[in-house]
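Look at the two complexes coming up: chain A is in both, with chain B in one and chain C in the other.
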Partner chain A sequence: MRRNPFRKYRGFLKGSFLNVIAFRNEIIGWVVQDILTVIIMVFMWFSIFKENGGQTINGFTYPQMSAYLIIASLTANWTVNGSTFMDINDDIANGTIATSLTRPISYRAKNFFTSLGSNIGNFVIFFLPLIIIAYLVLIFGFKLPAPEPLNILFYLVSGFLAIAVLDSFDFIIAQLGFITNSMFGIYLIKGSIFSFLAGSIIPYAYFPAWAQSFLSYLPFASLGSTPVNILLGRLSLAQVGISLALSVAWAIALYAFSLYANKKMIRHVISVGG
Partner chain B sequence: MHYVKLYFRYLSMAIKSKMMYRADWFISLAGLVVSNLIAFFTLYLSTLPVQSLDGWTFSHIVFLQGFLLVPMGIDHALTDKLWNYGGGLINNGEMDRILMKPINPLFQMCAEYFQEGGLGEIVIGIVFMCISGPQISFATGFNAIFPLIIGLLFSPLIYFAIKVFTMSIAFYNRRSISIMSGVYNIKEYGKYPSSIYGTAGVGGKIIYSVLLFILPFGLIGYLPLAVFMFPGKEIALLWFSIPSSPYLIMGLIIAVSIIMVTIAILFFKHALKSYSSAGA
Partner chain C sequence: MIEVKHLKKDFSRPYREPGFLGGIKTLFTRKKIVTKAVDDISFSIGEGEIVGYIGANGAGKSTTIKMMTGILTPTSGQVLFDGKEPYSSKDRKNLLSDIGVVFGQRTQLWWDLPLRDSFDLYRDIYDIDKEEYETRLAYLDSVLGLSPIMLSQVRTLSLGQRMRADLAASLIHNPKVLFLDEPTIGLDVLVKEKITEAIKKINKDYGTTIMLTTHDMKDIQNLAQRLIIIDEGHLLYDGTLKDIKKRFGDIRHVYALSSDKLDIEQSKKDLQGKVDFQMLDDGYLEASYDADAIETKIVLNFLLAHLDIKDLKIDETTLSSIVRKIYATKSV
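Up next, the complex of A and B:
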């Protein structure tokens, strides 16, 4: 009988999940900050729509735009908060990568499951209550319709694909830790580039036409634009299918590439460890 | 005088330790350029559909954002290490090392690190102002520019005071970085002309008041530039308006920044008494 290959990673998933629960008070400061940022954006767009005479801009009314910004921020709250990047950074900086590599498990998979645990932790304690509050505001304050059950399901699938895509990106970029000490700086730059290209700051509809068609095929779309548009019901069923298929393809391709990067990295570790 | 001499000693040490990682210089420079380009594109794409926000065109807002980068960069370059103290250095027992030396602790905390990224921000800010400057009209002459620059030199103290105050909370509960970052990032509201919030209902009024009276980020950029770029136009505050006088705004900035720094340092001293060694 074959043993379940995921069994040995379950501990990592559970550990980081409990970690988020234990440190929720520290995390809440960052969540409050995200909420404040969304409030600025919503007010800024209020004045843009007001200046425009309250008409639709690029297919968005003011309530729809506000919903987009709020959902994009909340989506990032659970999908972007993986721990892979900083974990690898710590492993490299403290030298604990050597012990990690001696374990009879895949370093890549260990990082993925550790990170997934904290994503799920964030989902449970921050995302769920906040999305309910957000939808109460959107439905009663902004008079928007509630999301359809099918879209909620697709949204969750899309969100987990976003985690898979981003985790591989993080794993690959974290290799830079071998050549620089300012990983926190890279982490911030990466965050701002990704959220812009993912359409989390401004929807793709506002980009020039050439950029729109270009961006929607890149992996960044899976991180923001795709899940948000799905939940808001802005995509037809066929479009949902195509976007999800693209996300799956990118998730697999980037995972394969990150395994390759891992192989290269191990060689580097030997030369560093001496 | 002693402290000035000491500062340059600290500075040369900080720069030497920075030289250990050459790639860091390049990465922090690249990061700076990229994040500012993204801010620029975001602003461009979002204001593209409209002519102006409350009379401020795209060029006006770019000028405002460039202008804001200068005091922020000054503060960033000189006092960046405070973030690390809020973010766990106190917990690691670093504070014991600081308190051993017969030098002002706050001075040591700021001086032991030099963030070259701050200089980059100042340069990018000037570039932004040079790009957008020719497209807007503004007051010229000594009486417009002198108070603007004096105000600009005092306003880094506002950022500094907010950082010192929020960092000091770490003396009570070991870490304060999320509070620090939360309060500090309210500065993002100041990147747009503050008056646009005043028109957006009760919530907007609250933001507007916080920005101008409680955490006076609006005082750093919006007020002096409103006077500079729209001379003669009265500035409407909540229920009253103030005359468009460059010297009045300059005086406000000087007074507010000195008061804030005084309060922050008093709080720092008070909080330091509650510090108990982490036992490192």
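Up next, the complex of A and C:
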């Protein structure tokens, strides 16, 4: 009888989930910083809209723009906070990669499930209460409609696809750790470039037309624009289908590429001597 | 059970000149420096053996262990585990559950969680039955004394506790072979003793084959029947502890402090060249001799007769002194 292959990785998922819970007080600083940033952005856009005469800009009214910014920030809170990048960095810097390789598990899958555990931890502890507060503000303060149940479901699917796509991205970029020590800088730069390209800072609608169609086919769309637009009900059912299909395709393609990178990396471990 | 055949490992890294300009030059040259970390080493280890694998820093010990555990692939040569290669991706999956590894300076435990969670994690990884797991854990607890720390966060453990826990984590799946890379580094004498006792007991109870690298000759003396010494990637010695002691003879060293001067040439002649004399920097005269060739009594009487002795010390050859000699002369 073949045993459940997922069982091997269950512990990593559980362990990093518990880690988030143990470190919630340390993480809360980051969350507060995100909330402050969103509040500043919402006020900034308030003056932009006022300057514009209170009309729509690129298809967004002021309440809609605020909703977009808030949901984008909260989505990033649970989808972007994976641990793969820094875990690999630590593994390389401390040499713990050697012990990881002596266990009968896939290093790639181990990283994915560890990261997923902290994503789920963030989802439960921070995202759920914050999204409820956010929607109370959006519904009663900004007079926006509540999200459709079907869209909530699609949003969750899209969010987990975002995690899968980003995790592979992180895994691939983390290979740079073998040639440079300035990984934290790369981590920060990667974060800002990705959130810009994902449409988490400003919606794609504000980009030039050529960039919009170009970006919507790239994997970055899966990280921000797709889930946020789904939850806000800005996509038709057909569009949702296409976007989710694209996310799935990118998730698979990038995972395959990260497996290849993993193979290459292990060979590199060999030449630096662990 | 384990066979190492003509194992070689070269590391090549780009040639780098010092300084900023040198760093930039590196980007444009393809010059490489090749270091031979392990150079043509062969030995074999039988089931249930405890082998001490020693060598100076940078001798290639860890590199060998990494090849034997499948982390590194040899440049040439072979490691065979019951006929399978640990570094080949095909055999790896099956082999890794027969191997346990402890790298003394690195933990494999989940840093922020209670110790018990790390063990549970390994239970899942190795797919161990619940019943088997509980018996195994109880056994390891009895040998290593884990129950008082089972619920503590790993980060709060002392180095000695952590080492015991790490050892347990590498044994949770009852591996056939256990590799210990400096398992007693940084530990106090008592903890060291406990750990060596535990290793001995596990070897006896389960017939676990153990390969151990260390710089502490006490560990080797307490544990290993067999010794493999390497230096600069070459095999220097492979044999029993007894043999190496015999080979170096039962050398004694007498140190005498005296204000008198001894005529060394004349004294050597008087003692038929069986004793070597050497003035040491700290003012002591060292007389070294093979205790099988000349009696200690004769040497002492000679010294007492010729010198007005203020202080006297006698040392026998220890494994450390033999190893020191081997490292220094690079030959056995």
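Just so it is clear, the second predicted complex is superposed on the first by the 273 of 274 C-alpha atoms of A that agree within 3 Å, B and C clash if a C-alpha of one lies under 4 Å from a C-alpha of the other, contacts with A are read in each partner's own complex, and residues count from 1 in each chain.
Heads up, the rule we're going with is that contacts are C-beta pairs under 8 Å (C-beta built on N, C-alpha and C of every residue); 3 or more make two chains touch, one makes a residue touch a chain.
Here the structure is a predicted model, which is why all the values come from computation and not from measurement.
J.: Based on the superposed arrangement around chain A, label chain B with chain C as either clash or fit.
T.: In the superposition, chain B and chain C stay clear of each other.
J.: So in the superposed three-chain picture, is A:102 touching just chain B, just chain C, both, or none of them (first/second/both/neither)?
T.: A:102 contacts chain C only, not chain B.
J.: Answer with first, second, both or neither: which of chain B and chain C does A:205 touch in the superposed model?
T.: So A:205 meets neither chain B nor chain C here.
J.: Is the number of chain A residues in contact higher for chain B or for chain C?
T.: Counting residues of chain A touched by each partner, the higher count goes to B.
J.: Could you say whether A:8 touches chain B, chain C, both of them, or neither, answering first, second, both or neither?
T.: So A:8 only meets chain C here.
J.: Return, as a multiple of 10 degrees, the angle whose vertex is the Cα centre of chain A and whose sides reach the Cα centres of chain B and chain C.
T.: An angle of 90 degrees, rounded.
J.: Per the contact definition in the header, classify A:37: touching chain B only (first), chain C only (second), both, or neither.
T.: first
J.: Go through the superposed model and pick first if A:189 touches only chain B, second if only chain C, both, or neither.
T.: first
J.: Mind working out whether A:22 is in touch with chain B, chain C, both or neither, as first, second, both or neither?
T.: Only chain C is touched by A:22; chain B is not.
J.: For the superposed model, what is the least distance in angstrom between any CA atom of chain B and any CA atom of chain C?
T.: Scanning every C-alpha pair, the shortest chain B to chain C distance is 6 Å.
J.: Report the residues of chain A in contact with chain B in the complex, numbered from low to high.
T.: By the definition above, chain A touches chain B via 26-30, 32-33, 36-37, 39-40, 43-48, 50-52, 57-58, 179-182, 185-186, 188-189, 192-193, 196, 201-202, 206-207.
J.: Hey, which residues of chain C end up touching chain A in the complex?
T.: Touching chain A from chain C are residues 11-13, 37, 62-63, 66, 69-73, 92-93, 96-97, 99, 101, 103, 106-108, 110, 112-113, 117, 120-127.
J.: Considering only the defined contacts, which chain B positions touch chain A in the complex?
T.: For this pair, the touching residues of chain B are 20-21, 23-24, 27-28, 30-31, 34-35, 38, 41-42, 45-54, 117, 175, 177-179, 181-182, 185-186, 188-189, 192, 196-197, 199-200, 203-204, 207.
J.: Once bound in the complex, which stretches of chain A touch chain C?
T.: Chain A reaches chain C through residues 3, 7-12, 14-15, 18-19, 22-23, 94-96, 98-99, 101-105, 269-274.
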